[in-house]
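I have placed the structure first, in the form of structure tokens, so that the comments after it can refer back to it.
The letters A, B and C name the chains in turn, as written, and every chain counts its residues from 1.
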Amino acid sequence: MRPRRSILPGFAPTLSASIAWLGVLILLPLALMIHVALGLGWRGFWTIVMQPRVLGDLRVSVESALLAAAVDTVFGVIIAWVLVRYSFPLRRVVDGLIDLPFALPTAIAGIALSALYAPRGWIGRTLAPLGVHVAYTRWGIVVALIFVGLPFVVRAVEPAIEELEVEQEEAADLLGAAAVQSFRHVILPALVPAIMTGFAMALARALGEYGSVIFIAGNKPMVSEIVPLLIVTELEQFNFEGATAIATLMLAVSFALLLLVNLLRGRLVRSDV
Amino acid sequence: MSRRHGWQRSVLIATAIVFVLLFLILPLAVVFLDALAAGLHAYAAALVEPDVRAAIELTLLIAAITVPMNLVFGILAGWCVGRFRFPGRNLLITLIDLPFSISPVIAGLILILVFGGNGLVGGFLAAHGIRVIFAVPGMVLATIFVTFPFVARELIPLAEEQGNEEEEAAAMFGASFLQILRHVSLPRLRWGLLYGVVLCNARALGEFGAVSVVSGRIPGQTNTLPLEVQTLYDGYQVQAAFAAASLLALFAVLTLMMKGALERRHRDELRALRRVRAL
Amino acid sequence: MDERSTPTWHACGRRTLLAAGAATGAMAFAGRARGAEPGTLLNASYSTTVELFRAYDPLFAAHWQKTEGRHVSLRDSHGGSGAQARAVIEGLPADVVTLALAYDIDAIATAGLIAPDWASRLPFDSSPYTSAIVFLVRKGNPRQIRDWPDLIRNDVSVVTPNPKTSGGARYNILAAWAWAMVAYQEDAAKARSYLRALLKRVPVFDPSARTATLAFTRRDLGDVLIAWESEAYLAIKEAGAASFEMVTPSLSLLAEPPVAVVDKVVDRRGSRAVAKAYLEYLYAPEAQDVVARNFFRPRDRNVATRYAAQFEPLKLVTVKGFFGGWQKAEKRFFADGGIFDQVYGHGD
């Protein structure tokens, strides 16, 4: 695998070192996991994976992740727009804070959100009289996932907004388009690839999230329990096979979902041209 | 900009600010306020507890091992992937990004499969008195796994963007690989490198899911600071939990400031990174 | 080009190897250094003894300093009793185990880490304190829960941990069974339907007794928590008597959490003396006082008399007396395919 006619040295050693590193650290463990999962046999795997609790938790994880990623997308685009196009006091602070979910440990986010939305927390006690319970319910999961996914959308969309051709918008303006029309037909199509990328990344993160969710979720099987927690529960019982089977299922579902999103993105981009 | 749409502008800005307040500022605030809820004295007392101090030390030790290792890998991967074209390059990039798409819990699980008591090499290691799972080495490996892509992801697009001209010129003058790296590439990449290190470090300090699975959860021995926070929180010591959490939150704010400063000073170089994918 | 890259490859390779070696060495050192000195002791305990050992450890450390003139650093790990036993078997380097039931220590003995006669090495079958199964309800007892039959009502939600990982959970289920057998005059079929109905009222099985308690107290899960008396008292103390109250059932089960030295670990680490002393001291009057103050029933008669007001007399059966011991109970109820599995069905 030698590149043709490059005079730069160091290709072979760096490539082999990278492959070795990746192989030992990532490929080997993953391959082992799939090997164990396959070792269960088709029937064994299916028995574990088709349990009501596994399917129910999968549904909770997927639905919560989709909803949170959707919310992140809507508000993420708004925030990205505001940050790029407008100047206002504290703009820099807001810009810096967007990355907070990336810098803050997930467990800290978890206890903070749990404290906020618990019945006695600041937000929780405001919502309780309205009959809205967030902490220890499915809504808690969604709130935590919104938190962790936000920066992905904002940072994916910002560069795309920066590169928008202002002339097109001005042309639309001149032709008498209302702001909404201009947005829908001129701006949005140009942003779709970036938005889909951001959505996909937020979704990927949301599906696998653990630390920030377990404190605020109810952890009730099939109602407010996420798949990562189920895997940990199996591990705590030293049921390695169960944990491996469920983990393999989760990886498969995640990849399938992301593939779907990428395909959709491809189609939307093409249909626009 | 579009000043005619005055009220729409205000609505959008207000929406953004309210959302940020609700989802980002309030959680951050609650950490500090709950930590100090019992007064400054109780706050300080919580932080000097031996278990908390041990957790801080362990967290720093793990980061001190993880970050340099990922830095080295990042430089190596950045070189071969960022400066050469070869079949399988995209596959390699996908593999490098893989830890980002895998739940940290699964990262812990696969380490147990390899290094656990009944794992691939676990039995062999145990016979020689080396314990990986339930001990610090396992936690280091778990942290390396999840923070692994950070530096590489910064350096690859940056190297691509910068091109190979200077490196090739140096090579033509007879410089060796290490000489080129030291005197040509790394100086040019240093802001991307620093950026990647800052992100890698933040994640290494705060990693929870993967480490939780492989740690023995022994307070004072195999609890990192995030794990210690959970131990305290689940042990009727909520205020102490938030006190420990506030240290991590403070560091998070510091990370954000460093990140912001780096971005502002080296906007053009780092713009290349944003364009390719988020963060 | 090749002449140039060969020496640099060697240099690069050597340096990388050196770095890798240094890193591995650092990790191995970190893995060994912590907990390698006999000046430390690791106690693998179950989930509801956090406060107990937090109070006991300094007491023992002072005692050890006084009698032996040596300093010992004490560490406790907590988790579901069954889970902790498994962890020790899988390699958790505990010098002593202080678990919820004899069966879990027996499991470690079967795995070869503890001598089979461990129970006879200390008084009371190596159980320095006891507790009993009670109910914890919300203040004012809004659901009017008085006894076991109330737990299977349709409007009642019961919190109890997962018997696969929690020792406390196994006591809970055996207590329920014992009451049912007595109430239904030894009719095992009726006892089974009672148990089945009871398990249906449980929304989630937490991995340990402590997480179940937190689910009940902090997350407002369920109407009644089946827990040890010690845990119930502690929850009331922590959350305030304004939030919860304890209800004692008409028939309860004596919980006898045992302790043992992990022979294989102490022989490897050379910590047998301090480990043995750590457990023996639990029976000393000062320690029994700490035990009672943390709501466990002390074995020491004098201390028990002092705290009589705290521990009301309960109608109790024991695992040995009613079930023929833990080996039999475990096999009958909690082994794969046992009564729990039959009654609850597959999955958790």
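Here, contacts are C-beta pairs under 8 Å (C-beta built on N, C-alpha and C of every residue); 3 or more make two chains touch, one makes a residue touch a chain.
What you see is a predicted model, and the numbers here were worked out from it, not measured in a lab.
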| item | value |
| --- | --- |
| Of A-B and B-C, whichever chain pair has more C-beta contact pairs | A-B |
| Distance-maximising chain from chain A - centres being C-alpha averages | C |
| Separation of chain B from chain C, taking each centre as the mean of its C-alpha atoms, in whole Å | 35 |
| Mean-CA-position distance for chain B and chain A (Å) | 17 |
| Where chain A touches two or more other chains at once, by residue number | 7, 9-10, 13, 17 |
| Multi-chain contact residues (two or more partners), chain B | 116, 118, 176-177 |
| Set of chain C residues in contact with two or more other chains | 4-5, 8, 12, 16, 79, 90 |
| Touching residues on chain C, where the partner in the complex is chain B | 4-5, 7-8, 11-12, 16, 19, 23, 26-28, 30-32, 34-35, 42, 50-51, 75-79, 87, 89-93, 210-211, 214, 234, 238 |
| Of chain B, residues touching chain C in the complex | 61, 65, 68-69, 72, 116-118, 126, 129-137, 140, 174, 176-178, 216-222, 234-236 |
| Parts of chain A lying in touch with chain C, wherever the complex brings them together | 7, 9-10, 12-13, 17, 51-53, 118-119, 135-136, 218-221, 223, 225, 233, 236-238 |
| Chain C to chain A touching residues, read off their complex | 1, 4-5, 8-9, 12-13, 16, 79-80, 82-83, 86, 90, 162, 164-165, 203-204, 206-207, 215, 218-221, 346-348 |
| Complex contacts: residues of chain A adjacent to chain B | 1-3, 6-11, 13-15, 17-19, 21-22, 25-30, 32-33, 36, 75, 78-79, 81-83, 85-86, 88, 90, 92, 94-109, 111-113, 115-116, 121-123, 143, 146-147, 150-156, 158-159, 169, 173, 179, 197-198, 201, 204-205, 207-211, 215, 227-228, 231-232, 235, 240, 243-244, 247, 250-251, 254-255, 258 |
